[in-house]
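Letters are used for the chains, namely A, B, C and D, taken in the order the chains are written, and counting of residues starts over at 1 for each.
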Amino acid sequence: MSKQIRVGLVGYQFMGKAHSHAYRDASMFFDLPVTPVMQVLCGLGDEELRKAGAQYGWAEVEPDWRRLVERPDIDLIDICTPNFTHAEIAKEAIAHGKHVLCEKPLATSAALSREMLTAAQRAGISHMISHNYRFAPAVQLARQLIASGRLGEIRHIRATYLQDWIVDPNHPMVWRFKKELAGSGALGDLAAHSVDLARFLVGEITEVTGTLKTYIKERPVAGAASPDQRDTVTVDDQAIFLARFENGALGTFEATRLAAGNRNGNRFEINGSNGSVRWDMENMNYLHVFFQDDPVGLQGWRAIQVTEPVHPYAGNWWPAGHIIGYEHTFVHVVVEMLKGIHEGRAPTPNFEDGHRNQLVLEAVEQSDATGSWVKVPNF
Amino acid sequence: MSKQIRVGLVGYQFMGKAHSHAYRDASMFFDLPVTPVMQVLCGLGDEELRKAGAQYGWAEVEPDWRRLVERPDIDLIDICTPNFTHAEIAKEAIAHGKHVLCEKPLATSAALSREMLTAAQRAGISHMISHNYRFAPAVQLARQLIASGRLGEIRHIRATYLQDWIVDPNHPMVWRFKKELAGSGALGDLAAHSVDLARFLVGEITEVTGTLKTYIKERPVAGAASPDQRDTVTVDDQAIFLARFENGALGTFEATRLAAGNRNGNRFEINGSNGSVRWDMENMNYLHVFFQDDPVGLQGWRAIQVTEPVHPYAGNWWPAGHIIGYEHTFVHVVVEMLKGIHEGRAPTPNFEDGHRNQLVLEAVEQSDATGSWVKVPNF
Amino acid sequence: MSKQIRVGLVGYQFMGKAHSHAYRDASMFFDLPVTPVMQVLCGLGDEELRKAGAQYGWAEVEPDWRRLVERPDIDLIDICTPNFTHAEIAKEAIAHGKHVLCEKPLATSAALSREMLTAAQRAGISHMISHNYRFAPAVQLARQLIASGRLGEIRHIRATYLQDWIVDPNHPMVWRFKKELAGSGALGDLAAHSVDLARFLVGEITEVTGTLKTYIKERPVAGAASPDQRDTVTVDDQAIFLARFENGALGTFEATRLAAGNRNGNRFEINGSNGSVRWDMENMNYLHVFFQDDPVGLQGWRAIQVTEPVHPYAGNWWPAGHIIGYEHTFVHVVVEMLKGIHEGRAPTPNFEDGHRNQLVLEAVEQSDATGSWVKVPNF
Amino acid sequence: MSKQIRVGLVGYQFMGKAHSHAYRDASMFFDLPVTPVMQVLCGLGDEELRKAGAQYGWAEVEPDWRRLVERPDIDLIDICTPNFTHAEIAKEAIAHGKHVLCEKPLATSAALSREMLTAAQRAGISHMISHNYRFAPAVQLARQLIASGRLGEIRHIRATYLQDWIVDPNHPMVWRFKKELAGSGALGDLAAHSVDLARFLVGEITEVTGTLKTYIKERPVAGAASPDQRDTVTVDDQAIFLARFENGALGTFEATRLAAGNRNGNRFEINGSNGSVRWDMENMNYLHVFFQDDPVGLQGWRAIQVTEPVHPYAGNWWPAGHIIGYEHTFVHVVVEMLKGIHEGRAPTPNFEDGHRNQLVLEAVEQSDATGSWVKVPNF
């Protein structure tokens, strides 16, 4: 039997649930080199924690993350807490020699993400950031096409991540709307994903110019006695920016939570000298591909359903034509994490990716302040 | 200067307008071997006729089609009148040695369409039926792919023509709802188009089984004093049937005027042993093509925008990417008609196609009566 | 703690895997009234069975289904074996008082499915047939719209289930191509799903006419010494038929395994007097809806992403906009099965649905033989 | 009979052909308050000019535009020549009291477009710029929805105009690739359209930041003796920019001629506080609309086929469901121009729109030079 990797997961809301499920499915659908053991679920709120632990299938629960990271029997700490806590938990976990899988964004500032990266590299542990959208089979296929040169020289990317869950001005205040807790708004929450996809598919971003905007500046306090009790939103509702890439490509980016009709519109189109790809998370099983060298008269965008045995990850699931969903991307994250641990390396994407992502986001924020193009630092 | 073909057009409603425009555009966008002259517009209603003649650009108007077909200066009679008049006008025109372009369906019965075909063949004139949808560039491309064997052995066609303009039970009675005037309802009006496309793309239909249905059996008399004054609908609202083709393929067909949300849903998908095509009139500039021999992992439906110079008819219009519309199909009909006259042959599709189409439709009607498969007669 | 339901599952291939996963996910994502215990996985092939049992999470394995159904500790038998074995296993399980969940088609003949239904009803156990596609949230939403009268009087359904996995004539022989093992081909495998959706959404089918066809009549024997060793296909590659419904609606149906480009094209459109719905399993998270009473000029097909908390089943998964996949439909099947057991009733769809489905399929087969419309028996 | 407006059209290539056809169709499909007379076609190349004149239906041809604008019998000068000639021809025409319809961009610099506007206003003639895409019925419907407040406060626009006709580096040099002849590349040719749509639908742009890029810096000389003879491209292949609007909205813009697979991808999405619209020129008959106030659970993007009698311009063409094409937008331009002349006003969009558009484009060019946000001057 393969070596066991005992997991402690911190946070049991949306991401905690997605990661928990990923460990369950990973062992059923993939031949893993190591065996994940769902040992400890950690989080606040005794009753809810116990309930979540039982429902998600964790052996134990533990309310104190500091006690968790000290446990010698735990190999991997998985961080699914609000953004402002990532750095502290990760650094403590690393200090105790744990491997770390961390939700995005890595931290609320590049200063913090740099510390996390440095610590992780020095400790030699396996570190990973959960940019799950990379792991949609269609995105992996896009990567294969680009990396193999099939699309030629890459010149353009236009990436949008459009949501609409806070169009209603009476959507109550949550931690995501506070700069000190979230770092930023649509920028860190959504554009971070687009930047990761762009780095994965096009390459490093060297320079950006952009702007942020908060349209709805106050929101009702959740559970307040009076509906008039309002609190100030201190993060952006929308972020837009232009980017120059190391390889000469140009990109346009937009992230917003106010684009009515876009529930989860994580999309991109990339154009190269020999072809193009399009992807939309809301129809994530398809990659649309255009080959410039198809015969004249028979050229057209191909809707490739990325569910075939030859496609990345797809063969582990169902026969061709049987689509997978959002949560499967997390299963692939976990598979990559466990492989990284087994092979004694950092998986991809890792803390360096998380930190470089943060550098881009901060450059956008600076650009918003200065009104000029800002170079993305190299470290 | 090329030889002039003097045209007399009968009927100035929807189809008369479409054909009138086709003569205007044909001479502007195509290098024609003969020059169409818009000489006489013929129809009922003095004032409306004069107005239509002036607006459409006809040199003269003439209320009596019998006088029109007797005129020695007229070369081509174009018939755009209600279905029940096609046979009589066409036969008289042929008797006077005119070339004839006739709207579909050719006649209200196969007995009549047989007479028309025989008369036309004996007279040696150029005869054509205006199955305009064949002439969408995307349909022509489909034909090229199939005829060249690129899709292999053709096995399946599913063709639907779905409209919804009479979902409202208070839509008033019109001639199209009377068997003696229209021949049939959705069957002759809509399925006739699908049958033509099927014959063009797949081949001859040898046997059918089907049924017709009238859901809304009475409709208000148009312009009646009382809204309660109602008249009986004597044609089908919907026709469905199965078909066997000479080449072994099977087909399913549906035509209806009650499919809410389908304004003009003339669609088909054809599957062969080496690939497939899909088309939808409402997005008529695209042909969706699947090639079974594309590399595994890169197979997918290609959305080919059939607007390139290499595509049939497309190069006569605008640069690639600039789409055309419904009316352009009639321009292509007229171009084919004029070429046929110039070359002394019947264009395609001609009265034989119209008659064979009618034979299929009548077989469906018989099948509706008998409840069994009915062989389509050979003549 | 809620009552435990101890499950024994027979078969561990495609369906066995899907059902196994469904039990795992059901308990994580749904508050179940009873607790499923994955007790015994049953199937042929010692080594593969053991491996599957461990990987899917079953407590024990058992190679003999007869011993399994005799075990007093087992409450529910889940049948995921080839079609020809369903009846025998189900009847034995019922004889031992077990609840039964059976994959579709219920049996290879209506005579057998009638026996199964009668036995199940007499025994008073909870019986269910795994028509999983009913359980896509978008299909459930379609049902709500229709059942509430929102679409008016239902008049048309066109349902297709198009696959292409055996377009290659060298695809080897499998049990699915043998009448004695599978019952039928595309008819029982694919059209059975369409018939179930039609019965769920439109109502009972009273009469059918149709035909079956086998295009590729021989296939290579799997693993044979010589590639020339071929075996005869005794089931249909394609089935097409027309249907009359109790409520007056008409339907067209097609199932095929030779429609190149259609990996899993389970689709329908339904038109009523006040609106329409469209669905496609390959984009299963969307229901396209047209409301005839939307304001004139603003009417159009709405692409409803059925992932909102208010949508059937969707709220148990992820926030709006985060799509689910094929396998989730089985989770919903299991949830309904467990609820049925808890409430002492047959879930829906149950053996009666399976039997009525079989009656329709057999009527199609008879119609293929006689060439006429065949009435679907009432029992 | 209504007053005649005698037209002299300069240029008979792509745009000259489109405008010629527009005059032909306008009088057939619209009840015009004045009657356009296709009097003189003007352009270089005797033989080609004569041929075009005859084919397009002009009464006369004239090689010298200066002689044309001096003719007292001509009422309207329509300018379809390369960009660098617009200003001179327009100013001379205005000086002779002619009404002027001018292709876009109005001029190659804002200095010139300002002169044109001033001259036109002083002369009191009717002046119009041919931003034809405004006149797609679907765009007009978008305008109605926004202007009526139906979509609430407008916050975002993302507009792209993606073409791919020069992806091939061996596409020969044409006047469009020379700054002195074209003014700019993708910016003036394509982004000009997006800016016009944005101004029409969202409002005035006050500030921009952007960049331009030329990827393929040399191209073969057309018809050169040696394929190695190359000339330098002095305009942009791609332009990207961000924009702030007077009403607080933010926009992202991209225009490129190198986006493989995009033949004519003129697209936008606009989001307001109460809904959104999407449009794509390649499927120009549809407007996709999302209403935030649709009932929860039934919200979705509606694909409105803008072909109904109640829709702008659509009722002049064919019955609902019969789509129109690219060229129809020019017919609507001509209809608006003729109405403007009849009513003694400048049509919309006019030279002021053309000039303001030019101001935005120049601000983008400045921003490309300075790397900062640039305010768009008010005049």
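In this section, contacts are C-beta pairs under 8 Å (C-beta built on N, C-alpha and C of every residue); 3 or more make two chains touch, one makes a residue touch a chain.
Small disclaimer: the values here were computed from a predicted structure and weren't measured.
S.K.: Going by the touch criterion at the top, tell me which pair is linked by more C-beta contacts: C-D or B-D.
M.R.: B-D
S.K.: Relative to chain A, which chain has the most distant C-alpha mean position?
M.R.: B
S.K.: Determine the centre-to-centre distance between chain B and chain C, using the mean Cα coordinates as centres, and give it in whole Å.
M.R.: That gives a centre separation of 41 Å.
S.K.: Calculate how many whole Å lie between the centre of chain C and the centre of chain D, each centre taken as the average of the chain's C-alpha atoms.
M.R.: Inter-chain centre distance comes to 54 Å.
S.K.: Could you work out how far the Cα centre of chain B sits from that of chain D, in whole Å?
M.R.: The mean C-alpha positions of chain B and chain D differ by 36 Å.
S.K.: If you look at chain C, which of its residues touch at least two other chains?
M.R.: Residues 262, 299-301, 305 of chain C touch two or more partner chains.
S.K.: With touch defined as at the start, can you tell me which chain C residues reach chain D in the complex?
M.R.: Chain C residues touching chain D: 141, 286, 288-289, 294, 296-305, 308, 310-311.
S.K.: Show which residues of chain B lie in contact with chain C when the two form their complex.
M.R.: Its residues touching chain C are 155-156, 158, 160, 162, 164, 167, 169, 209-211, 213, 215, 238, 240-242, 244, 248, 250-252, 254, 256, 258-262, 269, 271-276, 290, 292, 299-301, 371-373.
S.K.: Under the touch definition given earlier, write down the residues of chain A that touch chain C in their complex.
M.R.: So the residues of chain A in touch with chain C come to 14, 18, 20-21, 24-25, 27-28, 55-57, 163, 165, 262-265, 282-285, 305, 307, 317-328.
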